[in-house]
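There are two complexes below, and they share chain A, which is joined by chain B in the first and by chain C in the second.
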Partner chain A sequence: MRTSKLRGKNELRKLDGFKFDTGQILLIISVAILIVTVALPMLMIIYNVFFYKWSFDWKLFAQMLTDPDNLMAMWNTIKIAFFVTALGTLVGLFFAWLIGRSDIPLKGLMKSLFVVPYMFPPFIGAMAWGLLLSPRSGYINKLFMSLTGGRTPLFNINSLAGIVFVEICYYFPFVFIQVSSALERMDPTLEESARIAGANQMTVIRKITMPLVVPAIAAGAMLILISSLSHFGVPAILGFSRNIFTLPTKIYELIYRSAGSFEGIRRGASLSVLLVIVVVLALALQRRLLQAGHYDIIRGKSMRPMLIKLRRFKIPMLVICLLFLGIIVVLPLFIIFAVGFLKAYGLPLKLENMTVENFKNVLFVSKMARDAIKNSFFLSISAGIITMLVGTMIAYVIVKIKPKGKGILEVLGLLPYSIPGIVLAVGVILTWSGALHINLYNSIWIILIAYIARYMAFSLKSASASLEQVHNSLEEASRSCGASHFESLLDVTMPLIRPGMVAGFFLIFLPSMRELTTSLLLYGPFTRTLGVAIYSINEEGNTVQACALAGVTILIIIAGEFILRLITRERKGR
Partner chain B sequence: MSKMRKIILVLCLLSLLVASVVVQGAPKMNVMLYSSMKDSQLSALQKGFSKKYPNIVFDYYTAGTGKVLTKLTTEQQAGGICADLIWVGDPTNYIEFKRQGLLMQYVSPEAKTIAPSLKDKDNYFCGARIVGVGIVYNTNLVKGNDIPKDWDDLFNPRFKSYVCMTDPTFAGTTLYAVAALTQSEKYGWNFMKKLKANDIKLVKGSSDAVNKVGAGEYDVSIGVDYIAKDKAKQGSPLNFVYPASGTPLVTSPVAIVKGTKNLEAAKLLYDYILSLEGQQVLVDANTTPVRSEIELDIDINTIIKNVLPVDDERLIIEKDEMLKKFDELMKK
Partner chain C sequence: MAEVRLDNVSISYGKKTVIEDFSLHVEDGECFTLLGPSPCGKTTVLRAIAGFEKLQSGEVKLGGKTVASKDKRIFLPPEKRNVGVVFQDYAVWPHMTVAENVYYPLKKKKIPKEESKKLIELTLKQVRMTDYAKRLPYQLSGGQQQRVALARALVASNDVILLDEPLCNLDANLREEMRFEIKQLQRETGNTIIYVTHDQDIALAISNRIAVMDKNGKIRQLGEPEELFKNPVDSFVYRFLGLSNFIPVEVVDNKLYVQDESEKILFSNTLPASIKKKTFFAACRPMNIQLTRDGNLKGRIKQVMFLGNIYEYRVQLGKYEIRVQQDAFSAFKNGVFNQGESCALQMNNLRYYEDVEEVSA
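Moving on, here comes the complex of A and B:
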C-alpha cells in the first residue's frame, strides 16, 4: 500500500514539474514555526544558564542549586504536587465512579457541574479562598471566631495545606473527566461476568473496574502532576505573605526583585532548568509507578453498564456530592461577586454595604482595567486564530503527509504542554528582548508569541483528533479527479474539519483569557492582561476592585464556554 | 449550526478584534507618566488634565515604587525610557536620578509658592505631594485605652502578632519611614527589634497593610495616611493616627525625564500637577498637597513642624545596608 502511494506521489510531482510539493512546503513552514516559537526559547534558557560570554560556566547553576532557600522552594513544590496529585486523583476517581457507575440521581446536572472548576481560573479561586479563610479576616474564620469567642481561626489558608486544598479543588476534574469517559467506554460484560462468577461488589471494583481504568487514572494524574508542579497563581496569592515559596513563585520573585536585570533573569533561568528537571523526573517516576499492569481492553461499545444500587446510601451520597459542589464551586463564586459589590473590604456582607461602584469603575473608569480587558481580548482572539491555524497545519503534516522526522514535529509541538508557563516566559524574555537583535520586550507581541507557543499543544491535539476522522480516501478521490494537493486540501479536508477548528479556537481562547503566569513576567506599561490586572490590583490591596474585575472575567469565560458548548453540541448532533 | 449563526459568530469575533485594536483618533501630543500613585488618583488627574488640554493624550503607568524603578532600569538598559515624567517614592530616588543624569531642569511657574524645603535647589525636581506615615488601627477591634497614640504603643502586648507593616523592599514610603525611625536618636534599630519581639508581620504593599487592618486580619499597622483615610471614607472601620513624637513625611517629587520627545506636553503636565487645580484633585483623594494655599481639615503645619526627619544623603549611602539589616532582623 504504502510504497504504491509513495510512487504515486512521485509521479504526480513529476507531472506538476515542481521541485517542492505542497506537503514539503507545509513541512518546512511547520518546522520553522515550531523552532522559532518553541525550540528557541528553550535553547536560550540552556545557553544562558550554562554559558557566559561564550564559555561554559556551571557555577551559577551550582550556586543556585545549593542555596537553601531554593532547595526549600523545590521541596515545597514537590510536597504540594505530591499531595495534590494523590488526593486530587482520589477525589476525581470517587466522583467519577459515583456518577458513572451508581444510581445516584441528577446525573446529567452533576456531570456538567463537576467540570465547572476546570474552567474556573485557579488564581481567582485562591483569591476567593483567601477571602473566606484568611486566618483572621476570612469570612468563615470570622464567623467561627465570633461563634467560639476566641481568637483562633478555624483554618489558615495561607499555608501549605491551604495551597494543596485550593489546587485540588481546581485540578481534580482532570482525573474526573478522564475516568468518566473511560468508564463510559468500558465493556460492562466484563464486570457482569465477574459478578456471575460469584465476586462481590468490592472484588469487582478491585479486580475488574480498577485495572481497566488505570490508564485513564494515569493520564489524569499525570495532568494534575504537571499542572501542580508548574502552577504559579495559587502559591503566589496564598503563599507570598507567609514566605511560602514554590519553584515557579521563586523564579518570579528572583526576576522581579533583581529589578529585571540580566543577572536576575539568569538566576530565574537556572531555577527554570531545575524546575524542568523536577517535572521530567516526576513524570518518569509516575510512569513507572502506574504503568505496572497495563490492561488495554477499553474499547467496548457503549452499552448501558449495570448501575450499582446505592440503596440507603443514595441520599447521603447525593448530599455529599451537592455539598462538595457547593463548597468548591458556589461558595468561591459567591464570595467573589459579593466582595466585588462591597463598598470597602472588611465590611460585613450586608445589603446596605453593597454598591455597583466597583464594577462601574473597572468597566468604565480605571484605565488599567479597561486596558486589561482590551488586551486580553486582542491576545486571546489573535492567539486563538493563529495557533488554531498553525496547529491544524502541523497536525495535517503529521497525520496526513507523515513525512520522515514527523517525530520531531510532534515532540516540539507537544513540548510546551509539559513545560511550565513561567519557564516558557523566561525563555521568551531571553529570546525576544534584543538577544537576536529583535526587541519585543514591553510590547504586546512578546505576550502573543508566548501564548502561541504555550497553547500550540492544545491546538495540535484537537486538530489531530479531527483530522484522524477524515479518511484518506476522500482526499485521494479528489486527487484522482485531477485536483492538486492544495485544492483537495482546501475543498475536501478543510470543510470537514472546520467545526473541529472552531472548537480548537475556543480551547485556546478560554485559557488565554484567564492566563496569568506568562503574562505576569512579560507585561509592559500598556500590555497588562486581565490576569495581570486582577493580580496587581489584588496585590496592591484593592480587594474589592480586584474581585469586581475577577467577576467580569468569570462572566466572559462563562459566555465563551457557553458558545463552545453550542458549537460542539451541534457538531455531535449532525 | 445554520450558516447565518456562523457568520454572526465570526463577525462578532472580528468586531471584537477590531474594537480591541482600534485607537481612537490620532492625537497631536502625548505625555507619559510613571508613578507610584494609586490608579484612582491618577485617573482623576487624567480626567482633569484632559479637560483642560483636550489635544494632549496623557497616559500613565502605575505600580509600586520598586516596580517603577525596575522598569526604569530595564528601559534604560534597553536604550530608552518611555516615560516623560516620573513621580514616585521619595527625594532619595531623585537625588540618584539627578546624579545619573536622567532628569531635566525645569522651573515651573506653579512652584513659586511651594516651600523651598520641598524643592530641589537646582530645579531638577519638585515635591508634588506629602505622604505621612503613621499608625492605622481597626476601630472595631481596638478601643479605649488600647488606641495607639505614639510609636511605642505598637509594643502593646495585646497587639502581639496582630500588628503588621509593609516590607520596605516593596514600598518607597515605608522605606523612607524605616529610615526616619532607624536614623532617629530616640528610636533607632532598637525600635525594630521591639517590633520584631511583638511578632510584627510583613506584607507586600502599603495599601495591603492598611487593607488588612480594615479587614481585621491585623489590629494595627504602620500605614500611609491617604490610603487609610481613603479607605475609611469608603466605609472601612479604620482610623489613622499621627504619632505624638513625630511623623515621617515623604514628599514624592515629580520630574521631567531628560531628552523627552514630548517636552511641551511634559511641562504642561508638570505645571498642572503643581497647580492649585491639580493639587485639589489630590486633596479630594485624601492626599496632603504641597501648596499651602489649600485649606485642609488637619493642621498640616504642626505635623510638618513635628516631622521625624530623614537625612537623604545618608539614606542614599546606607539604603542597601539598611534593607539588608532589616531583612536579617525582621525576616527570620
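Moving on, here comes the complex of A and C:
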C-alpha cells in the first residue's frame, strides 16, 4: 500500500476505477467545442497570414504593415479609441456621480434612460446621426444653413470627430453602469467619516470617493476601449463615403473589394493580426496605467449614501441631464421612426409627407427584408439556445468539476470577448469555406458558428455567476440519495439555474438580433440578417426603407429587453 | 448489515495531506461520533465514506463490501453506496417541497408510489414535520430544514447515515432538542450513524462510541463516552471533553508541590504511579473542586461570578489561576465566598499528564 505513493501520476489515475465519468465526458466535449469554434478560427488566421503552402512567409504581413493606407487606418483606429475612451469615461463618470451622489430629481427615470443607448445598435445610431448631421442633407444642418443663410454646415458627422461623437453616445454606459453600481455598494460611512475628520465636500470626492471607484472606472473604461478598437458599424456608416477607414472597416473593405477572393481574405487576415496586436497592446498599456490601487472596501448593499445638495445648480444640472438624454436617446430614435414614415427621403418632416407604406413593405412585401427578419430570428434563437447550453456546460466544468487544465477552458471561452468581431469573421471564413473540407460559405450555418463563438463569453459569465449560487452540497445530497451525476445535474442543478439560463439566452439573443459586423462578412445571397439588410438598403440609398427596417429592429430589441427585465426582476423577488 | 470499515486510508487535497493511514471500524447499528477541532479531517473521513473523496491509498468497506480501494481499483460512486448524508448546511433542495425532498431518494430507488407515500408519511412523522409536507424550504426555519434533511437521509432506510455537524448552525435550545431526537430516531430505526462534530456535549450525549481526533487527523482515543470522560489518555482528550485546569506540579522529596519559585505549596503527599518525570501537570475539572474554609491547599478568591445553576470562582493558587465551579444551592448552604477571601481547595478525580497541548476548537 505504501508503494502506491511512489507510482507515476498516470498509473494513479488509472486506479480510480471508472474509465470515464460524467465529469470527464463534459470536460472533453467542452474542450472540443471551444477548440472548433474559437481556437481553430484564430489558428487559421495565423496560419494563412504567416504561412503559404506550408512554408513560413512573412512577406504579406510586412507588405500590409508598410502600406500607408493601412497605417492611416491603424492610426485612425487608435485616435478614435483614445478619444472615445477618454471622453466616454468622463461622461459616464459625471452622470453616474450626479445620479448616485447628488439630490438631482427624477433619478429613477434617468437611471433607466441612461442605459438605453446600451441596447441600441450603434450602427443604427450612426444612420440616425447621418440623417441629422450629414454635411449637406442632414436635417439639423439644413435647418442651420437656412437660419444662417450660409453654406457651412453646423457639424460634419462624416468625420473622425463625428465617429467619436456617435461612439461615445453608445459606449459611455459601460462606465456609467460600472460606476453607478460601485457607488451604490460603497459604504457611505467612509465618506461621512472623512467629513467628520474635517474634510470638505471637494476633498471627500477627490480623496475618498474617487480612489474607491477607480477599479469600477478601470473596468468600464476597458470595455469602452476594447469595444471602440474593434467597432465596425459607426465608422462604416459614417466613414466610407469620406474614405475614412479604421482597421475593422479596412479589413471589410479589402475583402469586399476583392469580392471574397482568397488573396483578399489573406490581406484581411493580415490586418486582423495587426488589429489584435493593437487591442492587446492597448489593454496592456491601460492595465499599467490603472494598476495604481486596488481596494476591496466596496461591499454589501444598499446603505443610504449621503447625498450632496446641488442647491442652485439643481435645475441647471437637471436641464443638462435631460438635454443630454434628449440628444443621445430621443433624437436618434425619433429621426429613425420619422424618416421611416416618410414617403421619400429628403422631404420635410411634415405629417402630409408621412405614410405607413415603408413599414408595410419591409414587413409584408420586400422578400429581402422579410428574409432578414426570419434569418435574424432563426440565428438569434438558435445561437441563444446553443450558446447558452454549451456555455452552461463549460461553466459547470469550470466552476463545479474544477479539472486540471480548467484554465485553458476559461481562456478559450473568454477569448472572443476581446477578439474583434470582424477578426472572428475572417477566421470563420478561413476555417469553414473548404480549407478543412467543410464548406459552409454562403450558408446560414457559417453565421451561426460565428455567433456561437462570439457570444460564448457572455454565456460563460452569466452561467458561472448562477452556478456559483448553487452550493456543492445540493448536488452531493442528491448523489447520496441514489442519483447518478447526470441525474443530479438534471434534477437539482438545472432547475436551480434555469432562471439564470433564460436570462443568459436573452443576453445572447439581443446582441445577435442587432449584430452587423460578423454577419456582413459572412452573409450569402439568401442569408442576410437584419443588420446586413438595413446596412445594404441604406448603402443602396433607399434610406426610408432602411429606417423602417431599423425601426422594426428597435421594436424587437425593446420587446426582448422588456422580457429580460421581467425575468431578472422575478429572480430578485425570490 | 452495515458495519463501516476504513483501513489505512490516506486522502490529500493537492499537496496537503488531510488524513494519513487512517483506520476505523464502526459496528452495525452503532451511533459513532468523530469528535475533533476544526479542521481535523473528520469531514474528509465522512466524505470518503460517502464517496465524495477519492483515496490516495487504503480501503473503505461498507457492510463487508469494498466500496473504495486504491489497490483493487474500486471506486463505487456515492449513489451506489446506500449511504444517507445530512450536510452541515442541510442542502435541502430549494425548488422542491418538503414531501418532494423526502420522496426523491425513494424515486431513485424506484419504490412504488403507494409504498413511497406511506414511507414519506412515516418518516415525516418521525421527524415531526407532517404538517409541513407541502411547504417549500424557504418557508421553514433552520431547525425544520434540518429535520427535512434528516428525513431525507432516513427515508430510504440506508445502511449508514452520515451527519456532518448538522446541529452547529442551530441555536442552543433547538440544538438540545434535536440532540434527543437524533438519539431517539437512532434507537427506533437501528441505523448505523456516524456523526461528525466539534461539540463534545453532543458527542457525549448521543454516541455509543466516540473517536477523538487531533488537528493532524489522527485518532487520539476511541471508546465509550463514559470511558473517555473518566480516563482521557492525554491532555488533548482531557481538554477537549470539558472545562479543565492544568496545574504545573513538581516532585520534591517524594512529595508533590505546585511549581512556584516564590512559594512552597504542598499539592499532595502521594505521587502518581504512572509518571516518571519530575515536573508534570495535574488536571482537574472546575466542577470537581470543592471550596472549603480550611484545608491543606490554600488559595485566595480573585473573582466571583453567579451563573444561575453554578457559582464560578477564579482562585489564585500560588502564581496560577484556577477555575472552580460550585453548585449554586450547596454554595448558598455552605456560604458563598467573597472576592479577596482566602479558601482551601479540595481537588477530586485528579488526572496527571506529562505535558499539555493547546486545543483550539
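The criterion applied here is as follows: the second predicted complex is superposed on the first by the 554 of 574 C-alpha atoms of A that agree within 3 Å, B and C clash if a C-alpha of one lies under 4 Å from a C-alpha of the other, contacts with A are read in each partner's own complex, and residues count from 1 in each chain.
Criterion: a residue touches a chain if its C-beta (ideal position, glycine included) is under 8 Å from a C-beta of that chain, and two chains touch if they have at least 3 such contacts.
Here the structure is a predicted model, which means the values were calculated and not measured.
**Q** Tell me which partner A:Phe313 touches in the superposition: chain B (first), chain C (second), both or neither.
**A** A:Phe313 contacts neither chain B nor chain C.
**Q** Based on the superposed arrangement, let me know which partner A:Glu476 touches: chain B (first), chain C (second), both, or neither?
**A** After superposing on A, A:Glu476 lies in contact with chain C but is clear of chain B.
**Q** For A:Ser484, using the defined touch cut-off, is the partner it touches chain B, chain C, both, or neither? Pick first, second, both or neither.
**A** Once the two structures are laid over each other on A, A:Ser484 reaches chain C alone.
**Q** Applying the document's definition of touch, where does A:Lys142 land relative to chain B and chain C: first, second, both, or neither?
**A** first
**Q** Figure out whether A:Leu496 sits in contact with chain B (first) or chain C (second), or with both, or with neither.
**A** The answer is second: A:Leu496 touches chain C but not chain B.
**Q** After lining up the shared chain so the two structures overlap, which partner does A:Trp58 touch, if you call chain B first and chain C second: first, second, both or neither?
**A** neither
**Q** According to the contact criterion defined above, which of chain B and chain C contacts more residues of chain A?
**A** Higher number of touched chain A residues: B.
**Q** Is A:Phe562 contacted by the first partner chain B, the second partner chain C, both or neither?
**A** A:Phe562: touches no partner chain.
**Q** Using the touch definition up top, name the residues of chain B that touch chain A in the complex.
**A** Those in contact with chain A are residues 1, 9, 13, 16-17, 19-21, 32, 34, 38-40, 42-43, 46, 59-64, 66-67, 69-71, 73-75, 77-78, 82, 138, 162, 169, 201, 203-212, 214-218, 227, 231, 234-237, 331.
**Q** Quick one: which bits of chain A touch chain C in the complex? Just the residue numbers, please.
**A** 1-2, 4-5, 14-18, 21, 471, 473-474, 476-485, 487, 491-492, 495-496, 574
**Q** With touch defined as at the start, can you tell me which chain A residues reach chain B in the complex?
**A** 134-137, 142, 240-241, 243, 256-257, 259-262, 343-347, 353, 361, 365-368, 374-375, 377-378, 381-382, 433-434, 439, 441-442, 525-526, 536-537, 539-543, 563, 566-567, 570
**Q** Show me the residue ranges of chain C that touch chain A in the complex, using the header's touch definition.
**A** 8, 50-52, 54, 56-58, 70-71, 73-85, 87-89, 91-95, 104-105, 108-109, 138, 149, 152-153, 156
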